[in-house]
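In what follows, chain A forms one complex with chain B and a second complex with chain C.
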Partner chain A sequence: MTALLEVRDLVVRFDTDDGTVHAVNGISYSLEKGESLAIVGESGSGKSVGALALMGLLPRPQARIEGGTIHFKGRNLLTQSGQEWQRTRGREIAMVYQDPMTSLNPALTVGQQLSQVIRHHLNVRKPASRERAADLLSLVGIPNPRGRLDDYPHQFSGGQRQRVLIALALSCDPALLIADEPTTALDVTIQAQMIELVKGLRKQLGMAVVWITHDLGVVAGLVDKVAVMYSGNMVEQAPVHDLYRQPAHPYTLGLLNSLPTLEHGTRRLTPIPGSPPDPLRPATACPFARRCAWVVDRCRESPPALIRVAPQHSAACYRSADVNRQPAVGAQQ
Partner chain B sequence: MVGPYVVRRMLQAIPLLFGISIIIFLMLQMAPGGPLASGEAQAAITPEKIERLRAHYGLDDPLPIQYLNWLGGLVTGDWGVSYDTGQPVLQVITERLPTTLALTGLAFAVSLLIAIPVGILAATRQYSVFDYASTGLSFAGIATPSFWFGLMLLYLFSFQWDLLPSAGLTDLREDHVGFAAVWDRTTHLIMPVAVLALIATANLARYVRASMLEVLGQDYVRTARGSGLPERTVILQHAGKNASVPVVTIAMLMVPELFLGAVITETIFSIPGMGALFVHSAELRDYPVLLGILVIAAVLVVITNLVADVIYGLLDPRISYE
Partner chain C sequence: MIDQPALLEVRNLVKHFPVRRGVLRRQVGAVRAVDGVSFHIHHRETLGLVGESGSGKSTLARTILRLFEPSGGRVIFDGEDIIALDAKALRRIRPRMQMVFQDPYASLNPRMTAGATIMESLQVNRVGDASKRPQRVRELLDLVGLPPKSLNRYPHEFSGGQRQRISIARALAADPEFIVADEALSALDVSIQAQMVNLLQDLKDELGLTYLFIAHDLAMVRYLADRTAVMYLGRIAELADSEELAQRPMHPYTLALLSAAPIPDPVAEAKREHIVLPGDVPDPGNPPSGCRFHTRCSFATPVCQEQEPQLRDLGTVGKPHLVACHHAEKVRQHGATASSVTQPVKTPPVGRPASDHSL
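After this line comes the complex of A and B, so read on.
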């Protein structure tokens, strides 16, 4: 049986005035039907670029997909025509965007925006599409859904707008939902609500979810597996509990150590020193070498490949076996 | 709601128009010469006769009295009589207003019909050959003086190639009927409308392009695209509706500009409209006619601004009339 989503060696470059930005350098992962994956990384790690590539929404002409394949339900999305993309986007793969304040059209009512997409994909008439739009608003927990269809986005709060965006993404029962940091623009109590909402909807609707975030803290109870990205590379991939218990890459360990924990109230958080390498220069060494406490000569000579360290667990580090023996601070006891 | 808002704005326009009327009245008086200057230069007209004329038109009253007399007439529908022809000003103007309004309206429509598609196409194909070509042509259009453009058109299409009539609105030698009359009118209007529309089209195309480019980069356009909507819907509906808000202001402000631009156009093509009347009256210092035309222009500015604000509210739901 083929996977629902199979990304192989995806390479994305950006042409800028300063030169070529190596945004994504050959990442691979796969996702089964109904499975959920978190892609974790800091700003500029390439996680959002990788997600936009899945939607065929990379900014043109600056962005180029240099190599690799994205297979979805067995077909290669990267060779799709514009027409085929229009049938894929919103219908089979849908996305929830980062900023709910700017991602809805201010000049169209919420009902128009929802029912337009429903009519386009599901080929139903206007009353039926409005009916479904109201059902979707109620599904994402907006009170008085029917009455709010004729409201404009500015009449909704930030959290409600994010709910509307989620409703929009779910409007045609996609098999894959990409959530690109959907909580960053919201305050913390709303963040938790959104996470619970997506978690619940995922179970209810049985869709696969790619959750993109910079916050390793939010993914623990949310996804089946985690991929960690650093400087355009995938540095570690593991089932979520293995990753927390036995990280095999120094960067992942660093991320875990910089998370606050409730058990160690007085522990100082340990930041990762330094900053990521310049994405304008292609990597000739391990991209994390300059910030790494575990660095050896070999790391500076050639970048390590992603290799298996345990069943379903792989890391791109020459010393992953050593790192792996060192449990994260938060999980020490 | 829109109704009370429009009424409120109209009431607010009254003091504004009042102020404008004082300014234009004083500005005209400040211009050198006067309605009787040409008479004073002629030996055949005696100083006593000049004095009588001056008294007859009330030109020897103090300025505030002259102004109040004129203002009183303005609001009661008596706009005075032309010093030149002795006809009532309101009649002279209403005879010619339709021609100029038609010319302005046609030029405005042509500008919109050309500038909007060109601007949208240029924005959606940024840095393409079409974008560069339309940008180049727009700048050329903005930089071209309309009197020169008009003369060039006349020279080429009328005198060199004899394709289009050079003057007037109709062929005075023949009485055309039916389709021939329409065709006759059309051929007479092509060049004046082209001259009048040139700068407005060029300007508007730049604004449409800039406004579209700004909107196309917005997150909600990506959302629309990411929902799988056809590119046409994304561009025209999701981007277009938002991009049109700033364009509406610019476009509506262009209407009075076009109206005043008709002065030059009508002079070049000998069209009997307000423009030609204005030039003629200015030469004679025919104050009542000049003031009448300026008042109409001022009212036009107020109306187009109001229309722009009303259209705003229809396009952008965040604007309320409360």
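After this line comes the complex of A and C, so read on.
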């Protein structure tokens, strides 16, 4: 059986006045139908660039896809024509963006924006598209959906606007939903609402979800597997339980340790020292070496490849066995 | 701690913003952003202030510093009523109270180097000798963990976390005793937030600072704050020792905030109870009758619609635990049984490298 989505050795470069930015350096992952994946990384790790490549939305001409393939339902998206992209994007792969304030058109009612998308992709008439728009608003939990169709985005609260964006993304029953930091700008209470909503919708509609975030805390209860990105590289990939229980890359461990938990006792967080390397310089060593407490000479000589450390669990670290061996706090007691 | 007079005392503070309509701009109502808030902060204490957007926490902070003129109430800083001060006296006291803002992109002048930004604060606040100021700028950069070469760089050359370090250095330049950090970490990546939390903690120990730390993330506040106040629609819903608040929440809103904070552990996350608050914060121009939270509260009964609950102390001797809820006892009970909300979560792993580095 072929996977729904298969990304292989994707390389993306940006040409800037200062030189070439190595944004994505050969990442690979796959997603089955209905499966959910979180891509986790800091700003500048290349996580959003990878997602834009899936949507065919990389800024041209600055961005270049230097290598790799993206197969969706068996066909290579990267060799698609512009017209074919038009049919894929929004229809089969849809995206929810970070900022609900700027990604809706303030001059059109929510109903107009929804039915525009529906008519563009599904070849239905106006009354039917309006009907579908109301159904979508009700699906994402907006009270009085029929009455709200004629409201403008500014008449919705931040959380509701994010719901409208999700409704827009769902309008054509996509097989894959990409959510790029959809909760970062929101309060924790609204974030919790969004997570419950996407979880429920995924179950109900059976779509696959890629959730992009910088916060490992958010996705623990949400996804099946997690991929961690650092400086344009995929440094670890694992089923969600394994990643949190047995992180095999020092960076993943660092991310987990820098999270404040509601755990009693400790008064100090353990941050990752330093900052990510300059993406203008191609890596000749492990990109995390300068910030890593496990670093050995070998790390500075050549970058480690992503290798399997357990079934379905891979990490790009020479010392992953040692990182892995560290007991969890809970296990000590 | 109790005998010592508080550094800051806020008494029944009120800030209403008038709502004007029509050609005559007649006032038709008021947004009651801060509506009768009282608390105090001791010397060298950190008070956390938590609430959703629209709860009035930023307005409260700005009114305390008199960046907004209050509509009522008093703010007493080190024995002096700030609200009563004239412009000259206010200028004299301002260096002692500084603020770090939320947005590290908007709160720094893009045309000023990091050095110039900090220097300006030294000059405006008339700190020390003019001849010694360049040296002081370098010391401040070092204090917040920025390399000396940052001196001549502009904001766009720094990352978000580094910019926030410049903002902190600028605040520290005035040699303050009291710092208000208004969502100072919210815009940063989690890994950078951890660095900043530790920096703020170190600065506090080193310089004997007092903080009002505002955030919407209870987990982060628990790390930094000695006591935490939870705010909802312009009023304090609950105020207690930070540990106590996290372990024994007595206000349904606090309970919901705790339950909404994600736990970085798939097992615990699946097991615990999720209280998802319906809807958003109501319009503060027209707050619900009685208890302002009753429209979103699962504990609400008819009395909550009619009577506004007052803050009462349900703590033990010497450990006050203030809560404004008619059903606080019931909520405490619930919190105790729904252990998953309050119990310590065991993960994430804390790894140290194995001692041998000889691979």
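One rule holds for everything that comes next: the second predicted complex is superposed on the first by the 323 of 333 C-alpha atoms of A that agree within 3 Å, B and C clash if a C-alpha of one lies under 4 Å from a C-alpha of the other, contacts with A are read in each partner's own complex, and residues count from 1 in each chain.
Throughout what follows, contacts are C-beta pairs under 8 Å (C-beta built on N, C-alpha and C of every residue); 3 or more make two chains touch, one makes a residue touch a chain.
All figures in this text were calculated on a predicted structure; none of them were measured in a lab.
A.B. asks: Should the superposition on chain A be reported as showing a clash between chain B and chain C, or a fit?
C.D. replies: They fit: once the shared chain is superposed, the two partners occupy separate space.
A.B. asks: Using the touch criterion from the header, give the chain among chain B and chain C with more contacted residues in chain A.
C.D. replies: Higher number of touched chain A residues: C.
A.B. asks: Quick one: the Cα-centre angle at chain A between chain B and chain C, nearest 10 degrees, please.
C.D. replies: Once the structures are overlaid on A, chain A sees chain B and chain C at 80 degrees.
A.B. asks: When the two structures are overlaid on chain A, which partner does A:V218 contact: first (chain B), second (chain C), both, or neither?
C.D. replies: second
A.B. asks: Give one of first, second, both or neither to describe whether A:P247 is in contact with chain B, with chain C, with both, or with none.
C.D. replies: second
A.B. asks: Return first, second, both or neither, reflecting whether A:S28 touches chain B, chain C, both chains, or no partner chain.
C.D. replies: neither
A.B. asks: Who does A:V117 touch here: chain B (first), chain C (second), both, or neither?
C.D. replies: In the superposition, A:V117 contacts chain B only.
A.B. asks: Once chain A of both complexes is superposed, is A:T69 in touch with chain B (first), chain C (second), both, or neither?
C.D. replies: Touch partners of A:T69: none, neither chain B nor chain C.
A.B. asks: For the overlay built on chain A, what is the smallest gap between any CA atom of chain B and any CA atom of chain C, in Å?
C.D. replies: Between chain B and chain C, the minimum C-alpha distance equals 7 Å.
A.B. asks: Share the list of chain A residues that count as touching for chain B in one structure and for chain C in the other.
C.D. replies: none
A.B. asks: Touching residues of chain A toward chain B in the complex: what are they?
C.D. replies: Contact set of chain A toward chain B: 55, 57, 82, 85-91, 94-95, 97, 99, 102-109, 116-117, 120-121, 152, 154, 165, 168, 171.
A.B. asks: Which residues of chain B touch chain A once you look at their complex with the stated criterion?
C.D. replies: 218-220, 222-231, 233, 237-238, 241-242, 315-318
A.B. asks: Help me check something: in the complex, which residues belonging to chain C touch chain A?
C.D. replies: Touch residues, chain C against chain A: 52-53, 159-162, 189-195, 197-198, 201, 216-220, 222-223, 243, 246-247, 256-267, 269-270, 274, 276-277, 280, 342, 344-354, 357-359.
A.B. asks: Spell out the residues on chain A that touch chain C in their complex, using ranges where they run on.
C.D. replies: Residues in contact with chain C: 42-43, 157-160, 187-193, 195-196, 214-218, 220-221, 240-241, 244-245, 247, 250, 253-273, 275, 293-296, 298, 318-319, 322-323, 325-330, 333.
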